[in-house]
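Just so it is clear, A, B, C, D and E label the chains in written order, and each chain counts residues from 1 on its own.
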Amino acid sequence: MTRTSRRWTEWTIERALQACAAGSVLITVGIIGVLVFETVAFFREVPITDFLFGTVWTPQFSDAQFGVLPLVTGTLLVSAIAMAVALPAGLLSAIYLSEYAPARVRRVVKPVLEVLAGVPTVVYGYFALLFVTPLLQTVFPTLSSFNALSPGLVMGIMILPLVSSLSEDALHAVPTGLREGAYALGSTRMQTALRVVVPAAFSGISASFILAMSRAIGETMIVAIAAGQQPRLTGNPMSPVETMTAYIVQISMGDTPTGSIGYRTIFAVGMLLFVMTFTLNLASDWLRRRFREEYA
Amino acid sequence: MSTRASRLAGDRLLQTMSILVLALSLVALAALLYDIWSDGWYRLDWQFITSLPSRRAASAGIYPALVGSLYVLLVTAVLAVPLGIGAAVYLEEYGGGGRFARLIEINIANLAGVPSIIYGLLGLSLFVRAFQMGPSVLAGGSTLALLALPVVILSTREALRTVPMSAREGSYALGATQWQTIWHQVLPSALPGILTGLILAMSRAIGETAPLITIGALAYLDFAPSGLMSPFTVLPIQIYNWVSLPQPAFAENAAAGIIVLLVLLLTLNAVAVVLRDRFQKARQ
Amino acid sequence: MTTSLRPLVTRTSDSPGPTTPVKIGVTGLNFFYGQKQALTDLTINLHANIVTAFIGPSGCGKSTFLRTLNRMNDIIPSTRVEGRVLIDGEDIYSSSTDVVDLRRRVGMVFQKSNPFPKSIFENVAYGLRINGLARNRGEMEGRIENSLKAAAIWDEVKDRLTESAQTLSGGQQQRLCIARALAIQPEILLMDEPASALDPIATQRIEELIYQLKVDYTIVIVTHNMQQAARVSDQTAFFWLGQLVESGPTEKLFTNPAEKLTEDYVTGRFG
Amino acid sequence: GDGSSSTESSIIAIDGSSTVFPITAAVAEEFRGTNAAAPVTVGFSGTGGGFKKFCRGETAISNASRPVSTSELEACAQASIGMIELPVAYDGLAVVVNPKNSWATSMTVAELKKLWQPEAQGAIMKWSQIRPGWPDEAISLYGPGVDSGTFDYFTEAVNGKSKASRGDYTSSENDNILVQGVAGDEFALGFMGLAYYEENQGRLTLVAVDDEDPDNGAGPILPSFDTVRNGTYRPLSRPLFIYVNSAELARPEVAQFLDFYLANTSALSKEVGYVSLTDAELELVKARLAARTVGTMFADHAAQSSMSLTELLQGHQ
Amino acid sequence: MTTSLRPLVTRTSDSPGPTTPVKIGVTGLNFFYGQKQALTDLTINLHANIVTAFIGPSGCGKSTFLRTLNRMNDIIPSTRVEGRVLIDGEDIYSSSTDVVDLRRRVGMVFQKSNPFPKSIFENVAYGLRINGLARNRGEMEGRIENSLKAAAIWDEVKDRLTESAQTLSGGQQQRLCIARALAIQPEILLMDEPASALDPIATQRIEELIYQLKVDYTIVIVTHNMQQAARVSDQTAFFWLGQLVESGPTEKLFTNPAEKLTEDYVTGRFG
């Protein structure tokens, strides 16, 4: 290859890759575009403070109130439950698969877990409603048949492979030399795993956490089916709640006329969700940078 | 203090806990699968797979939905895989650690949290209307590709990060260009991780319902899509449709549909898993 | 490793062995990487408070042997050990062995230095922490300083203890790994080419360290540097193609080896 | 047939309400077997979503579980799309309770209003507050999603104003989920499509509704095919519609499909769980199609409960 | 690197320089890792067909300097170079420089051997492939065999070319990396402690190789082994704390250095 042709190839490839990356920016611009237009129209009718700090959410009712807090708490409640399941369970599974399990077990179990990620979310919704909730009700008789707990748990199971698989890859990629170094100092497998391998794989693990968290907050169908679609300002996981996503899907697939204020709410809620996750991601990015260990 | 016993206990504890957690997850999966299987297995036959939808549960089939899912998934993969890997490579290998690159990175993580229905709205105004694709396979696949992209990009970036700098140095020192280094050294080393991301992303795409309904995927279609511009439906929509009907017989159809979807998914994953295994072995 | 070779008769030098007790006793050791045999029928005693040097051409199995002594080979999949390795009379491959404890007692410096992707301080602190060897911060810092001093790297890193160990030069990383191993005061110290990336002065310091350490420790050092072996070791073992050709007092082995092969090797007439 | 490019241009695209979807899909399925067969596609992106597509000319027919709204009508007019409004069936709303519930065999509309009106929120929490003598137990309420046509209809019919309702009830887009909720809770009450009751008779008990208007039959009336059809089960039954783009009628396959639709809707809507129009009403609808009457009969958005469908159809002929 | 030291006056030995043309000319080179200066004001000429040895204590900047010569430091974030490096009279840090081509011409063997996680064969084939240096399979195989032979590792690996390079012993990996660098026949060869993990015989073979290679190449070798520097190099440069203390003909530098520091170092009286 001549020098100029090689340079040209490199330049072209780089530009092509850059275009791919720019794609993500375009998507964001698109999403923000979709959201902003209607959101602005929404806030022309509803004061932003009513929206952000109001505690009653009844936009579809004749005496419409637009306090989004019940949806926010619902979202946070369900996501928190899901995270409480998915993060520890996913990380532990990953540690087991990468550091303890025989290669054969790992080869079989990992893809099996990944099946969990592919089950349609509608199915998870019904699983939560028809299987998990009744099961939980035998333990907690006061549990209402729609509640935050059951979809939270099921959502945790659904995003578990996201955490376990991606973290496992990150753990697996830590050079053996580091493990050997730790073992040679008299570390147990646990110490090696938790103090050397996990920190070295921190970047990958935290990426899996972030994806999982984003996924939990953005998940729609499970909550729409099993959480009850009842906008309530509550922190009680036993009671029915409605999440921001469940509300959005309810309106956008329902019979509300487009262009009405009721329809516009979904964009305002969507925008808020976008801002929330963005803040969350900013924070986790900062954390991640602080604790990342790079190996050569 | 680490007496032998307490050390062993700690080690055991972690191991036992991990196994327990893993076992619980597998039990949950088994419960889910059993639940579905016991509802749907006897509806599974060739007739079910090759028939068109019907208001009679017993004669209804999934043919258009199955073909539609395959088409859409193909489009999604063709778009999301190169785009996602390309973007990740750019950001990780070319983008530098600049503020802009970081902002893009955060932004991508953020995209993973956008509810799928919003992607549906975007797909509707962008692909269906602005690009005049109509509610076609192409529009559906493109919409799902948007949805799958963040997972592909993020997991690919992380996989690229695990490739040690010394491997890149070795390649550069032999007069390899940056792209040659990426193509011959970095990507092969990162492949297992990339494949994991692809599996997860495609798994998500194949199970989505809401955004496709929004862009106008159909619930009743009496022919299978025959090209990129055909109208289409997908399995999850068919399943969703069936579970919302009052007649209990349709719930069994839905279960059978889920089984087909899972088999489809497993088959796709199997390919990636085999590849991943091979590359991971080669790397050691 | 070609295994079709005529088995070598391992002869221990006729001069009487060291007077210190046997710390590590190896009998009939075979080692396999999958199908490939890397060590064949090794039998050797390593004595306490003695420095034993392993020499032999690249690829002859020195590192492999070293790794069988603290069961570091357990980590590599599909490897297999036959024969017996006794430390203080106990079979380290018996099922009752606590491998973690074994490795704590048998420290190791690897051929390719492998500092943790942590700060310099944390690299040394790690072993102290997991073994609970420092009661407080002061003790911790004291021990870390001593270890780094012993490994002749203190002056270079004392102002940058919180920097990542990955920013050290090759030789600095090697010395950091030595410091790390010293910090937990193992009974036996296995060092795989500990001075390979070091300049003469640093090398000399490490050699002096080894000399001091042998008062309390049992030391095994792999080196390809004959002068170094001659300088630091009391006993030397010469390996060739996975077999132990000869072992005995260093002086004897270098000046009057029993085997022609050994003589050829130590005089550089080999190959 | 399978979709070659020639069939794609002749596709009859339908979208809209998921409530009407089963009827239209059933008609499409039968249409498949006729000589006139053209490919038909039916989506269910909601009444609102359906109208949006319809008014952009993206669909030929829109399913709707409520009449078109003024804003939607305007949007269509702006795009010069004329819509022909065709009622195709009735949907009865069933008020249901748990089978263990032995007391609430019937309720008056006033009692329902007392329970469901916005003021009831946080106030009417126990059965005993509805009618003295009923148990002093907390009542749990289930109903369709707040943006569904069913919800609008129920609130309008019971509370007198569309969308005026208490908010502390459990809602779901999917009536099967409501079935699940009521079936699992002794002190539950819910409302849903009649078909869902029909399919779950063992798990639910119907509540007879008394509109206290002897003209529509005296006393509490249980919903059934007959009582919905003959207008005695009032006010909880509503008509379902399809809207046709009048320009699309120029396409022979669309015209044929619509003829086929109206010829078969009685049998098919019944089969999928809805209540068919009376023959007289159906004739009026057919006439409306033949006359290509555009616009809505509900332009004044008068409450459906005040005038029967027959009267409306006659009035707008 | 403490930079508060009195700057050293770099003196080139008074004896006349080599007669071959200057291949690499370095003037006023400063190098920074972030805030930290690792090289200070280096000025030196490296001549063609000559072996130049870099010596100096661990951490003095030898590897850093080597990496500035093929711009390998570009890869490390937040590093900075000042000054000029000319190769064949062209400034390699000018914006018009084709870094890829530069690195192809300036081969490098790293201090820590870094074989690719591929087969032994593929490790050597890689450079040939990307540079299009073999027209067919036969030529490819021939070149690979020659490189492996030159690096004195052919006999050990000829039967296992398809095995992963990661299964090689430390010294074997090092030689594989040498073979890999040789295969593409660069004009300049930078070798960072190429024999650090090698036994005397292998070392000797590598040294012989260097001797042969200098007929066609310009060779720079970093070594901490004074004897090796004395044996293989024509010119020697002594570095200390990021500064070039002295450079000149090897013999002169070892027997009659201009600087006291140099003398102390080469005689081992240092520190």
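Assume contacts are C-beta pairs under 8 Å (C-beta built on N, C-alpha and C of every residue); 3 or more make two chains touch, one makes a residue touch a chain.
This one's a predicted model, so the numbers in the text were calculated from it and none came from an experiment.
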item: By count of C-beta pairs in contact, the leading pair of chains; value: A-B
item: Centroid comparison with chain E (C-alpha atoms), farthest chain; value: D
item: Separation of mean Cα positions, chain E and chain D [Å, integer]; value: 83
item: Inter-centroid spacing, chain E versus chain C (mean Cα positions, whole Å); value: 29
item: Chain centre separation in whole Å, for chain E relative to chain B (CA means); value: 48
item: CA centroid of chain B to CA centroid of chain D, Å; value: 37
item: Touching two or more other chains - residues of chain E; value: 100-101, 112
item: Per-residue overlap in chain B, given as positions that touch at least 2 other chains; value: 7-8, 11, 164-166, 177-178, 213-214, 243
item: Where chain D touches two or more other chains at once, by residue number; value: 18, 44-45, 49, 173-174
item: Chain D partner contacts - residues on chain A that touch it in the complex; value: 56-58, 60-63, 129-130, 134, 144-146, 224-225, 228-232, 240, 250-260, 262-263
item: Complex contacts: residues of chain B adjacent to chain D; value: 52-55, 134-135, 213-214, 216-227, 229-231, 241, 243-248, 251
item: Complex contact set, residues of chain A against chain E; value: 1, 3, 6-7, 10
item: Of chain A, residues touching chain C in the complex; value: 103, 175-188, 191, 195-196, 199-200, 293-296
item: Chain B partner contacts - residues on chain A that touch it in the complex; value: 6, 9-10, 13-14, 16-21, 23-25, 27-28, 30-31, 34-35, 88-89, 92-93, 95-97, 100, 107, 109-124, 126-127, 131, 157, 160-162, 164-166, 168-170, 172-175, 188-191, 193-194, 201, 203-204, 207-208, 210-211, 213-215, 217-221, 244-245, 248-249, 252-253, 270, 273-274, 277-278, 280-282, 284-285, 295-296
